[in-house]
Structures are given as C-alpha cells and as structure tokens.
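Please find the structures below.
Next come two complexes built around chain A: one with chain B, the other with chain C.
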Partner chain A sequence: MRWCSRIIIFCIVLCLLQTIAFGRIRIDIYGPVLVPFPVAVAPFTFSGGASQGIAMQVESILINDLEISGFFSVTDIKGFPPGAMAGLKNPKAIDLALWSGMPQEALVSGGITLAGENVDAHFRLFDLVEQSFVTGLRYRAPLADLRNMSHRMADEITFHLTGQVGVSHTKIAFILNNGKSKEVYVIDFDGNGITRLTNHDSICLSPAWSPDGKNIAYTCFRKRNPDLYVYNMERKNFRIASSRVGVNGAPAWSPDGTKIALMIRDGDRSRIAIVNSIGAANPLFLTSGGGNEASPVWSPDGQKLAFVSDRSGNPQIYTIGSNGKGLTRITFEGKYNASPAWSPVGDKIAFCSMINGNFDIFVCNPDGRNIQRLTQNAGNNEDPTWSPDGRFIAFSSDRRGISNIYCMNANGANVRRVTFSKFQETGPAWSPYLI
Partner chain B sequence: MNIFKRTLVLSLCIHIIGIICSEIFLKNRTENHRVLYPVHLIDLAESSSKPVVKEAAPKEVKPVPPPKPKQEPKPKPEPKPEPKAVKKFEPPEPPEPKKGVPVEKKKEEKKKEEKDVAKKEIEKKPQAKNADPVENDAKKVDRAIEEIKKTLAKKEETERPLLSEDFVERQKQFYAAKIDEKIKANWSIPKALLTEMGVLEAIVILRIKPDGELDDIRLIKPSGFNKFDESAIRAIKKAAPFPHPPMDWKNVEFEIRFYSNEMV
Partner chain C sequence: MSLNRKCHLRVIFLAGLSLLLIGGCAKTVKQGGGATLPPVEEVTKKKSEEAIEGSEMDITDLDASIKKKEYPGIEGEFIETDLLKDCYFDFDKHDLTPDARRILAENAEILKKRFPNRKIQVEGHCDERGTKEYNLALGERRAASIKNYLVSLGIPGRNIGTISYGEEMPIDPRHNEDAWAKNRRGHIIILSD
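Coming up: the complex of A and B.
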C-alpha cells in the first residue's frame, strides 16, 4: 500500500507542475535579423588650431574601419532631433534621452585638438538603447600617427560593442616589384599608409612577422646568396640572421618567437629546418626521406608545422609535429597544392591549389577534411595569409592583369582590394595584433 | 485475496495515471483548437463580457491580431518548478469558489451547462409575470421579480468567473502574440558575430507593468555567448513600452526563449 500512496503523491505533484507551467506564458523567438550593428558617428569637432581637414580625416578613417570590420553599418546623424545635435557641442551635457527611439544603437562623438607638435584626439561612445556612456579615450601623438590613432579608436569601439578584438590597427607586409628591384613594404589593413621598409636594390622575398610584431624576417639576394634578413620596425634597420650557403628561404616565426622554420638547401634538395631566431646555429631538420620541401608555417600552439613537399611526385601539403614526429599528408586532390597558412584561431589551414591552370585559394581543417573553395574565375589567387583574429584572409591576385593584394572574409565573401600601385605586389603577410 | 488486492490497487493506479494523461492531452488539444479560430473567439468574448458591467474589457479586445500558429503552446515544456511563478499567477484566477462545478470538467461542457441553466432561468421569468394578474398583488410581483433578480445575479456570479477566466486566458494569448511580434521586430545581431557559433538559446524572464512599461528583465539561462544574451535583452528594451496588458492581469510575466537559428 505504501507504493500505492507514493504513486498517488507523484500524480498530484505532476498536476501541480502542470499548473506551474501554465503560470508563465512562454514565447519562443527564432532567428534574429542578421544585420550589422547600426552606429551613428557625429562629426568630429576641432579646436586649438586643429583644422577641419584633420578632424574629417580621423572621422573618415574611423568610419571606414568600422564598416570594413563587417560588424557595423555607420550612418551620420542626419535625421536626429535638433536638440540632440546641440548637445554635441558640449558632450558632457549630452542628453541621451533625446537620442532614444532612433534606429541607431550606438553613437560615437569625438574631437581633435592641436597641442604643440602633437595631436590630441578623443572619442566618446554612447549606448543609445541603454542610454548610457560606454567608454571614452583620449590619445596624444605626433601628427604623423594620426592614422594609427584613428585605427586604435576603431578597435576600441569594436571591442566594446562586439566583444571582439578588432584588426583595424594591424598591417600587411608584402613584396613590391618596381621593375628594378623587389622590396618589402607594409600597408595598413585598410589599404592606406603604404610604407617602404627595405632599400636593398635587390630581390626580397617572403616576409614574415615576428609574433610581437616588431620584426619582419625575409629572404634577400643582396649578397647574391639568398640569406635570411630580419628588419626591426622600431629601430628601422636590418640584420642578417642566417647566411648558409644555399637557400635560407621562406621563414616562419614560431608562436613563442624563439625559433624560425626555414627552407634550407641540403645536398641537391630543399628541406625544412628549425633555427634559432637570433643566430642560426645547428639547424634542426624536421623530416627524413626524399623530395623537396618548402613554405613552412606553424600552428598557433607551436606544436605542429604545415609545409609543402613533393615527395609524392607533385607538391602537396603535409603537417608534422615540431619535434619531427607525425608526418601527415593532408591534401590529396589536385596536382599542385602550395602556400599553406594556418589560421591564428587554429581551426583551418588555407592554401592555394592549381585548377585548370590557375591558382585558387582553399581552406580545410588541419586534418585535411572539409575542403572549401574561396576564390574562382578571377585569375590567379595565391599566398593566403590570415588576419590575427582569423576572420579575414589577404592574398595576392592578378585578376586585374597585374598582381595586387586583396582581402576577403574567411568564407570568401566581400573581396576588397588593399593595394593600388601600378606595380606587381605579391607575398602578403598579415601582422599580429600590434601594440 | 492478496492477489486480488494487488490487482485492485494496480488497476486503480493505472486508472489514475490514465485520467491524468488524458487530462494533459485533452487540455492541449482544446487549447490548440481555441487558438485556431480567433475570430470566433472575439465574438464570444464580447457577448460574454456584456453582463459584467464593471469590467471595461471590450475596449482592449478590438485591435487584437489573430495569433500566428507558432505562438500556440508547444507540447508542454519540462515544467520549471519555480514556486515564484505559482504565486505570481494566482491573483488573476477568479477568487470566488466555483460552486458545484467539478474543476476537472472540460471548459466547453461547463459553458454549455451554464448556458442551459441560464436559459431555464429566463424561461421562468415570464411565468412569474403571468402569475401576477391572477394574484392581483403588486407586492407579490415585486417580490417575485426580486427573487428572479437574485437568482439571476447568483447565476451571473457563477457564470462570470468561468467565462471571464476563459476570456482572460485568450486575451493573454493575444497579448503574448503582440509581445512576441514586437520583440522579434527589434531583435538583431551582426551576422559576423554568429558565424560558427552553432545554435544558441537564451531564456529571459520579462515582467511588464500594468501600464505596459518594462518592470523587470532577468536572464535565467545564458546562451554562453555574452553578446547573444545582450542582443536579446536589447531587443526587449528597444521593444518597450508594450501595449497595456489585458484587464485583471496584474503580474504579467513571460518566459521568452531566444534561438539563434530559424524555426525548424
């Protein structure tokens, strides 16, 4: 009889639970509208000798950065109530209640002041839904750094509104062939601020950033032998890091910055070796067996490397542990797969593959599965390189006749031209986050 | 003897479970049925609210849009045993004890019965009036009318809670549809934030004041992705203020589930 009463109690509880479920009405809402975050940017103010031109420059760099990020759709403040416009003159007394009911969810205001030789730039970020002040920062830098300041503002705003670290303040290094020589250049991720780094009057190849973003390694024929050079971004000078007779090519910095994987000539073939990033003593050869090897890259955890080998008869992508164990072939389709690039997030490897005589860019998982084609019907697309957040891929493409640097989303959408010179530009390398 | 006893108990239990199951399923079915014919429901609501003078219901009934099928109560979710919810929901229930009507009965049956009884009462009325001239006594007529009024009033009392409960329940459904629509229209998130996030689910408890203003938003189950939760809460804040809740509904509380995928 006891279990009988238990069952009855259970039934009563069941009934009670049912009435509880009825007490609160449940609403299921599926599928948010997938639109960029609407942000309004008010015209930047200028004072203390700063010209309107400078203010407008900062503002336009900022707006462009926010839009390129893919997170935001930026509007100006036309259509806002006049009272709200008046509030902008004195940002401390801004009346956020006047801004509510607008389609924009955030408002950026800012201003520029000249302070001697330096520029003072500040911005304030307001949340129009919560009607609150989110953040505000003031920067001071020489006028030459105006562009960097603006990029930093964009990254700060991106971080506060999306939680993601923006890549506005990153750069892309590449090789520019001016007809007489091939030199290393860097350009801001948005395609502005192109800067020449080297002046070797020689052939430079395959730039690679150090993980701290302060050095760029590259191969140069300046002394006829292809040696490994390291350019220091702060001191603006270079040193020779490896000058073995034969090739010292295709450098790749390990994630901890202590080692460089390098393509070295060993007898009659090229092999991957790991050398100390300061000197180049005692190269450690990773593989044994035949075939040429090239284009090493590290996984973001430093445990593995991907590289190209023709041991199977034609160039294919392989991965191997940084201790030389666990050699795995990951590409099997196509007769020519090259230029691997390991995503900084770690989940993808991009590479280029020849199809019908043209190179196109593909991505796959680090084990070779889930291959996706990102480019097609647009000339040759080569040398993929990931943005530090893994959301974009830069590459070189000759789709307009000569090779230029382009950038696209990691899924192949939104292709955007980055460089606009009339020369051949190849071998892009995206910097890490810069400090 | 023992076997007989055991069999008896077992069959009793099976019956009880059977009744409860059928109760649950029938309840669902009648509710689905109800939401499928919204136009019919509005008519019924207006006519039923007529005798109830105090309640100014019809004002709010008119703009009610027909609820979309997706707002129909899903197969009951795992009930959340939150005692708070019970407390909150009790007030809107009619406080009068239901006289003589077994609670388990289906609502349709109840209504029918009540109407029949009411009809009989109305039939009585002319009878009483016919009796007046025969007796030829004005006081008796008055008394008879008083009595009829009393019985009618009694009827109304028993009738009102039943009909208005049904009516309020329906109004809540309509109101929920409005809330749903308004929040969905205001819910957006950049596509770039959702790539490779899988399906996210966030559950938010929303309380609305009697004037339609936001009372409280509580995130009771985060999705694991902070910005997704934020987008849900922002959607509610952007959607506020809401229409006035239907009458008699003091503590309006919704459990809103936000899903990042499209409805399957």
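Coming up: the complex of A and C.
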C-alpha cells in the first residue's frame, strides 16, 4: 500500500489579489438543512502523453467524492456559453463574467500531463458568484497514486468551500471472511481500492487505527490465543504487541497514540486495561472489577473511555475517566447495548442495540441523553465507526443476506454500500485523516 | 508421555487399517469449525457413543475415539475425543445449566480415568448474535465457568487452560435457533505434549 508521501504538491497562483477570496466559506455546513451546493466540473484536459482515459478517471473520482460528501451537487458544464469554454484553455485569461448567470456557484477545472514516470495533475477552483479565483493546486505523483491524488483534490475543494477538510482521502479497515480465513483489509472511503493487509490465514478481529494512520492494531488467534498484533502500513509487516494468556482484544489507541485500551483477562473475566502502545508495561485495569467488559473506545480529548460491561446482568454502555474515576452507566433501555464509538467531534456516542432480536445503530450524547435511532427494518446493523470529521458513520449490515460495510450520514440518511465482495465483511474502523 | 504417544500412534494405525477394511463406512465427517473454518485434518474417527452410554467403559473404544486434529490457521496439533462432550449455554449466559453440569461431571470422570495429568484446554464459544467483541468476553467467562466446575470435581486447575473463540468458530453455520443453541458451547481438547 502506498501512502501519500510520494505526492508532491505545488500551489497555483493566478492573481495576487485573490488572497482575499482564499478561505471564504461558501456553505454553512452547520445550518439546519444542508442544501447541496451546486458545482460545475469541466472536463479535465490531457496533454504530454497523458491519455483521455486518465483524465476522465481523475475527473470521475473527483466528481464522485464531491457528490458522496453530501455537500455538493455536481454538474458538467453543458449550458454555459461556448465563449466561456474557450477560457478553460487559458485559465489565466478566463473571463468569469461569461460563466455567471447559471445556477452553479463554483467551477472546477483541471488537467493531467505525464512527467516521466509521474503524473502531473492540477485543478483550479473558481467562485462564480464572486467571479473570482479561489485556489489551485498541482500534484505530482506516480501513476499508482492517481486515486489518492484525486481524493486529495476533492478534500482541498471541500475545504475551500466549507471550511472543513473533506474525508475523501480516508480509508476504512475491516475484516473480510473469505470462508477460509478472516483477514484485515482496507478500502477507500468511496468503496474503491480494496487492499488485503494481513496474510495470517487465521482469524483476525477488531482492526483499530493508530491516530497517525500508520498502524492498525487487531486481534489474531494464530498462536492459539487471541493476541494483539500491530500492522505497520509503511513497512508492511506486523508485530505481536500483547500476548498475555487469555483475551488481548478490541484494541483502541489513545488520541495521543501512546497507549492502547484493551480487553485483557483478569481471573475469570475480561476487563478493560490500558497498556502502552509498545505493549510492554503492566496493564492498568480501569475499573475496580465486577462484570465482564469489552469494546473500549476513547473520547477525542483522551479524558474518558466508553466501554461495555455486563455488571448489571446484561451488556450496557458505561463511561469512565481514563484515570479510572467516574464510572457512569449511560444506556438503560433494552437488554443488549454494545459497540460504543465516540464521535471525533466529541458530542455523540454511537452504539448498537438489540431490539426484537435484531441489532440497530443509535447515537446519544456522552451522558446517555438524547437517544436517536439511525437504522431500522434492514437486518442487523452493527459496529458503528465515525469518519474523522464526525459527519459519517460506517457500519456492518447483513441487510442483503451477508454482512457488508455501509456508510451513512451521522443522522442516518443517505445509506451507501461501501464493500461489494461476495464475502462477509465486518468490524469497520474508519481511519483518521491520512497524510 | 512417550508411552502415551506410542499408544496413540498404534491406535491411529489400527483405526486407519480398520477404516480401510470397512471401506469407510464407519467414517463420519464432523464440521468442527462450521462454514468459517472447517477442520482440515482428521486422522481417524470412530463413533463410540455406546461406550459413554454404558456404565462400563470399553478401553478399546476409548482409544479408537481419539484423534489428532488441527484448527486451520491456528498453530499446534491437539487431541480430541468424542467421549468428552460439549456442554451448552443459554443466550448471553455463562452460568452452567443442570445439563451442562451433568455433562461436565461425565467429562471429569473420563479425564480422570483416561487422561490423568494431561493438559487440557477448555474453549468457550458463542453464537453469532451480539457483537464479536462482547462475545469474545462472554467466551472467556464460559470457559472459566467450565474450568471452575472441573476443578471442583477434582481435576487439577494447573492442567486446565482456557480460551475464548467468541463467535468465530461456529459448529453449525446456519442462522437459526437450532444452530445458535449448538454454537453456544464449551468444548474440551487435550493438548499435545
């Protein structure tokens, strides 16, 4: 797997005066109703040996990213006057007055050239209401990084129009059960670029990203014990980080990356403990015992954890300070609430709850108030995980018979299938923003 | 221990021979790992249900029921015998039902008579309902419940290891109450020396 260290970025400057337009936000993403912002994307040009196919590929990845972000409605440039098109060939002389008067409020143009082994891709973003140039960037990277480059363009455009970095260039890790083994895979946010990471030919569980996006911790049974493994993305290898007898399960990295919360055997039960992320130090058990514990997750400020405990007689969600103080039960309805996921924004905890034998996804405030149901009447929906901007929740669902990974808005709208293999896919974990 | 191993080898050889002679009619295939991870290796197998039903145990049948086995994807060979029966749990429960206690009492007798001082591993398994992570924890407690009961029946605790497989190794891959009831189980294997 290649990460984007090989992508070189240059800033395109068209006019010094345009610094005024930079950073001006066009969409109120916190409004009560998000009306998609109309954006026109002109066909990407190609030259210097680049094929039209490559240009169209970049353009279509970009358009799809903008569409599924939910922020934008994307159209092509049909309808704009022919005189306006001419300006695309020489963006420095583009006459934005010719582009006004249409419903689209922003225009994206771009192009591809080949530079030796590398692809050179650029885009320019114009504000059609203000008739100004907003920003432009040029990327150079190996052809294999074309998809990553396109995602980064989308995120840049999203940032300039919304004030918030997009999540197109993020990935989702999950477990794929091919009938013979259960391995860790990753896939791009848009459902492309599925990549197998582990080859243990064994049972893997519970992938969890390190905050820098360079490591994925998971549990694997290959040594006849559920041990904690850490896979390194750059070196493409793994190490065993915790192999205490009994469960070393459900890892969760602290936001500063120095610690991992983990299920560890303590006597007859599983309890939540904190180990350092090297795996060496003695585990620090978080609670004073009582009940079987599972699935720890950290609050984004690292001050608290949420986890599952059955100390009340059945699994319910609790929060506790990372210093072991302030144990609080936050779910009371139903007899099976599990799989907490703390929003990276900090204001919500998603979880799954069994109702009439099926699991569905809910969110509540970190104190348990304001419960909202996000899924219903669609099989079992489990394992919620938040996008790093807190706008989306990915989850596993068997609504089509076998379990696949899906994504929805944080309010439950716009359910989109992410994985399309014929195998069982479970345990999604959304990456942080990737460099 | 080396005597034991020799004995096993002879048993396996004899059982294999008898399979050849019988023409395979005694062979039954058990799907140990369900659809997820079917067992790859079953050296021999012979039904010996009658032996455990009867009060007098037939040593020959006992030996023939022993088989070496591996779980695919999990290191290490172990020994399994049909004489050690699985016990079953209620949904989301780890306490032993009266049936489970009866089965474990029989298992304890077999362990004492046939496998004294052998290391065993108790596996806690769950059905597919619920989260994989909570089921991993639940399997821990189920295995611990079994271990504690076996200790109370006189099996030395130092010889009993436990492991939770959560919901990862269903014995019945179907998605219904019948399958779930079979999959919520405790299973005992005898570790190789």
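Note that the second predicted complex is superposed on the first by the 401 of 435 C-alpha atoms of A that agree within 3 Å, B and C clash if a C-alpha of one lies under 4 Å from a C-alpha of the other, contacts with A are read in each partner's own complex, and residues count from 1 in each chain.
The criterion applied here is as follows: contacts are C-beta pairs under 8 Å (C-beta built on N, C-alpha and C of every residue); 3 or more make two chains touch, one makes a residue touch a chain.
Here the structure is a predicted model, which means the values were calculated and not measured.
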Margin query: So in the superposed three-chain picture, is A:A338 touching just chain B, just chain C, both, or none of them (first/second/both/neither)?
Written below: second
Margin query: For A:G290 in the superposed arrangement: first (chain B), second (chain C), both or neither?
Written below: neither
Notebook entry, point to check: Thinking of the overlay built on chain A, is A:T426 touched by chain B (first), by chain C (second), by both, or by neither?
Noted result: second
Check: Looking at the overlay, what does A:L34 touch: chain B (first), chain C (second), both, or neither?
Finding: first
Checklist line | Contacts of A:D268 with chain B and chain C, given as first, second, both or neither | finding: second
Check: Which partner does A:G70 reach: the first (chain B), the second (chain C), both, or neither?
Finding: first
Check: What residues of chain A sit close enough to touch chain C in their complex?
Finding: 177, 179-182, 200-203, 205-206, 219, 221-226, 245-247, 249-250, 263, 265, 267-270, 292-295, 308, 310, 314-315, 335-336, 338-339, 352, 354, 357, 359, 382-383, 426-427
Note to self: So in the complex, the part of chain C that touches chain A is made up of which residues?
What the structure shows: 35-37, 71-76, 92, 94, 121, 129-134, 136-138, 140-141, 144-145, 148, 161-166, 168-169
Checklist line | chain A-touching residues of chain B, taken from the complex the two chains share | finding: 9, 12-13, 16-17, 20, 23-24, 70-71, 73-74, 76-77, 79-82, 85-86, 88-89, 172-173, 176, 179-180, 183-184, 187-195, 205, 226-227, 231, 234-235, 237-238, 253-263
Item checked: Residues of chain A that touch chain B when the two form their complex -> 1, 4, 7-8, 11, 14-15, 17-37, 69-72, 105, 129-130, 162-164, 391, 411
